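In the two complexes below, subunit A is the common chain; its partner is subunit B in one and subunit C in the other.
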Partner chain A sequence: MNGDGRKNAPHRLSSRLVQVAFLAIVLLAWFLATTRWGVSRILLPNPVNVWHQLIDIVASGAFIPDLRITLGELAGAFAISMSLGVTIGYLISRSRYLIRVFEPLLAAIYAIPIILFLPLYVLLLGLGPASKIALGATISFFPIVLSTIAGFGYVDRRLVTAARSMGANNIQMFRYVLLPAALPVVLAGLRLGFTVALLSVIASETIASFAGLGHHIVDLAENMDTARMFAYIVFVIAIVAFLNAVVSTIEGRARW
Partner chain B sequence: MVTTGELRRLMRHPGFARLGVVILLVVAWEISARFFLDRDFISPPSTVLTSFGELFGTPGVPSALWLTLYEIAIGFALSAIIGAAIGLAVGLNRLAHQSFMPIILLLYGLPQITILPIFVLVFGIGAASKIAFGVSHGMFPIMIAVAAGVQKIEPVYFDSARSMGASRWHLLRYVIFPHMIPSFFTGLRLGMSGVLLGVLLAELYVSTAGIGYFTSIFTQNFDATKLIGLVSVLAAIAIALNEVVRRVELRYARWRD
Partner chain C sequence: MASAQPAIRVNGVSHQFGEPGEARYVQALLDTSLDVTRGELLCLIGPSGCGKSTLLGIMGGLFAPTTGAVAVAGKPVRGPMPRDLAFVFQESALFPWNTVRENVMLGMTFQGVAKAERGARARRALEAVGLIDFAEHYPGQLSGGMRQRAALARALSLETDILLMDEPFGALDEQTRMVLGEDLSVLLSRSNKTIVFVTHSLGEAVFLADRVAVFSARPGTIKQIIVVDEPHPRKPSFMTAPKFHALRDQLYGLLHDEIRKAMSETTQPRRRYGQTGPAETDGERV
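The block that comes next holds the complex of A and B.
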């Protein structure tokens, strides 16, 4: 193992160099494209401008109302999909028969791009936050319910039998056998559900809405304010990455 | 009395109950839409079914659906070609793998929906932007699967092929290609979901042409029947395409074992 590591070391260094060079070339090409090669400012803004706009967005705090709306929609969507997904998943997982009835059905619906239902939700619930919450809840329900079924439904039979024969009652069975066995799988599903809910909320804001982070990007695009749009995109990606990192950390903590 | 036992056994089969659940849901939808809910917002399934003729008779709808199918086909083909090419390039060279795999995984993890307006700005509201957005969703899973597939080839296969006098073409054809096939088809299945998502997102986003134009027109006119019909047709297309690539994967992903 050690020898292998030493053999890898120069590779690792050169791969870092390649990565840095790649990034530098991309940035340089971006800069030259806007300053020397005459690419339209509307299609590709100057990176220096984008940087100034990014600082302005963060410093001015102009993002706060949109961020609040997006986070509110996300909280609503995730609360619904988490409570329904875990409850329904647990109830289904209590019976082999129910698992065999419902799991293929849920998996089949999960395979459809559910974003297609957005126009129906907009018709039913309007362009406001309600349709985004409904879509986010629908899309994130499926990974959560499926992983809850997988977590609670496929606990090792021997563990269950052993606990029963030692006289465990239902509560003890849940607390000491089912929950510890199922928790990692359920938590992984919740993390996936969170990410999916966040992305669907932003996606539905982008497609049809009045407000929110996704809507703000579209607004800037329609006004041809490309430099600020690029900066805002970077900002939104940073927020998504931050939220995902927070949820991953919580998942890691909760597991132990 | 034998038939009762057989019937009972049939009813106990999960597939039977599953069908029952689906029928129950459709009947509940039919009854609630017919008697309790506002027809402007929801339409019973029977009306949606009988209005398919009217939907396809709406000028522009059939061509918008064909265009979407065309975008998915081109987007899928391009994703497969680009994904396989980059996947091979990155998977077969150790330095390239160590350097570019982290970048590919990072790009794959980005929330691509945020850059959808850029695609429309650059490629316009026509088919090009939808194909491009489909490809940007579909190529990464194929790339990653192919790279993972060829990266695991034992070096001894290369050595023995070379010692038997294999050319570069022979290596590609008889060593790399057979090892690439199972992961390539797994990648294609994931790539198809990506292409469908990308193309449909872009279609829904652009509300001045194609599918997005009709979904917004039907919504503004409270034409629930046509809207549900159009969404159902698109969902059926997505289910069919997913099923095709899944079957193909099942067939080809196993051939090594």
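The block that comes next holds the complex of A and C.
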């Protein structure tokens, strides 16, 4: 293990270096495109401008109302998909027969582009947060329910038999055998569900809404305020990266 | 009167999986009767798929036989009897998310041992199998032989009169198996446990058993019982004694025809239900 680490260390360093260099070159090309090569500022704003806009967005707190709406929608969507996904997944996992019926069915629905339901949700629930919550909940329900079925439905039967032979009652079986066996798989599904809920909430804001980070970016684009739009995009990417990192950390902590 | 009562009485047990006509229909056991005497080590040996694990599961109340009955210490078996008997399975029946000590403690939690007693009992059991230094290790950090000793410690800590062991050393290499066999023989000579031990190794059966029950090919039933009259603990030198070889040859003769029968009957790859859970591969299904 030590030898491996030593062998890999220079390798890892050089790939990190290449990554940084690559980003620097992209930034430089961006800068040159707007200052020297005469690319329209409306299509491609100057990176220095974008930077100033970003500082302004963060310092002024102008993002707060939109962020609050987006996070609110995300929380609503994830709360719904998590409670329904875990509950329904667990109930299905209790029976071989139900697994055989529903697992392929749910996997098939998961494979269709569920964003197609957005117009329907807008029609039913309006342009406000409710339709975003409904879409985010629908999309993230599937990875959560499927991983819950996989986690609880395929626990090693030898472990279940061993526990039963030693006298485990139903509560002990759940607490000491089923739960620890299923938890890593369920958590991976929850993390995936969280990510797709976030993506679909922001995406649906760009398509049909009055507010939220996604909506704000579309607003700026329509007003040709591209420097601020780029700054907003960078800001949203940072928020998403931060949230995903938080969720991954929680997931890592909860594993045995 | 009490001593005359067998530890386990198997009376006319037949067992089938599924119904005739179904794809999974198997007549696993046919009219098997057997008394396990108190304090003896009885080995079950027979062609693979003849129903040894099925019989052990029925003895331990893990499932009910299609017909027939089992009694443990005179009481009819209706379900698991954690206070009367403990199992040791072939492999991987340790909880991988718990340390060796936690595994042993958890068994006692399930069985209902008072909290104050568990620590001392766990220590004693781990010392008995020589694993006390590895108590805080996870099963994944142990060799196969150590894992089986941990499983044995978990069973011993339950302090049952009866141990049911289903090919406990079956997945181990020959040398490890021999050493564990010797250790088990020493351990047993100090306790009064009744043990039913499934094995597919002729040498292991002769080395460990007081009696060896030879199964016929499926549908399994007991073809003959051979007595190994040799006190415990048995020394490695027993393995080179003429008596050992004579008994081993006798067993081989009895088994040979049954194994041929079992093999010619198997036209399709044998399916194993219940023993190899899909969980390990299914962890990656997501």
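The rule is short, and it goes like this: the second predicted complex is superposed on the first by the 236 of 256 C-alpha atoms of A that agree within 3 Å, B and C clash if a C-alpha of one lies under 4 Å from a C-alpha of the other, contacts with A are read in each partner's own complex, and residues count from 1 in each chain.
Throughout what follows, a residue touches a chain if its C-beta (ideal position, glycine included) is under 8 Å from a C-beta of that chain, and two chains touch if they have at least 3 such contacts.
A quick note: this is a predicted structure, and the numbers were derived from the prediction, not measured.
*Asks:* Aligned on subunit A, subunit B and subunit C: do they clash or fit?
*Replies:* Once both complexes are aligned on subunit A, subunit B and subunit C fit side by side.
*Asks:* A:Ala188 in the overlay: touching subunit B, subunit C, both, or neither? Say first, second, both or neither.
*Replies:* Second partner only, subunit C.
*Asks:* Just to be sure I read the superposition right, which of the two partners does A:Met166 touch: subunit B = first, subunit C = second, or both, or neither?
*Replies:* In the superposition, A:Met166 contacts subunit C only.
*Asks:* Go through the superposed model and pick first if A:Val39 touches only subunit B, second if only subunit C, both, or neither.
*Replies:* In the superposed model, A:Val39 contacts neither subunit B nor subunit C.
*Asks:* According to the stated criteria, A:Pro104 is in contact with first (subunit B), second (subunit C), both, or neither; which is it?
*Replies:* The answer is first: A:Pro104 touches subunit B but not subunit C.
*Asks:* Who contacts more of subunit A, subunit B or subunit C?
*Replies:* So, of the two partners, B touches more residues of subunit A.
*Asks:* Roughly what angle, nearest 10 degrees, sits at the C-alpha centre of subunit A between those of subunit B and subunit C?
*Replies:* Approximately 90 degrees at the subunit A centre.
*Asks:* Quick check on the superposed pair: does A:Leu146 touch subunit B, subunit C, both, or neither? Answer first, second, both or neither.
*Replies:* Touch status of A:Leu146: second partner only.
*Asks:* Once the two structures sit on chain A together, report how near the CA atoms of subunit B get to those of subunit C, whole Å.
*Replies:* 10
*Asks:* After overlaying the two complexes on chain A, where does the subunit B footprint on subunit A coincide with the subunit C footprint?
*Replies:* In subunit A, no position sits in both the subunit B and subunit C interfaces.
*Asks:* Mind pulling up the subunit C residues that touch subunit A in the complex?
*Replies:* 60, 62, 80, 82-83, 86-87, 89, 92-93, 95, 97-98, 106-107, 109-112, 158, 274-275, 277-280, 282-283, 285-286
*Asks:* Which residues of subunit A touch subunit B in the complex?
*Replies:* Per the touch definition, subunit A meets subunit B at residues 11-12, 14-16, 18-19, 22, 42-43, 97, 100-102, 104-105, 108, 111-113, 115-120, 122-124, 198-199, 202-203, 206-208, 214, 217-218, 220-221, 226, 229-230, 233, 236-237, 240.
*Asks:* Once bound in the complex, which stretches of subunit A touch subunit C?
*Replies:* 143, 146-147, 150, 154-159, 161-168, 172, 176-177, 180-181, 184-185, 188-189, 256
*Asks:* So in the complex, which bits of subunit B are touching subunit A?
*Replies:* It is residues 12, 14, 17-18, 21-22, 41-42, 94-96, 98-100, 102-103, 110-111, 113-118, 120-122, 193, 196-197, 200-201, 204-205, 207, 212, 215-216, 218-219, 222, 224, 227-228, 231, 234-235, 238-239, 242 of subunit B that touch subunit A.
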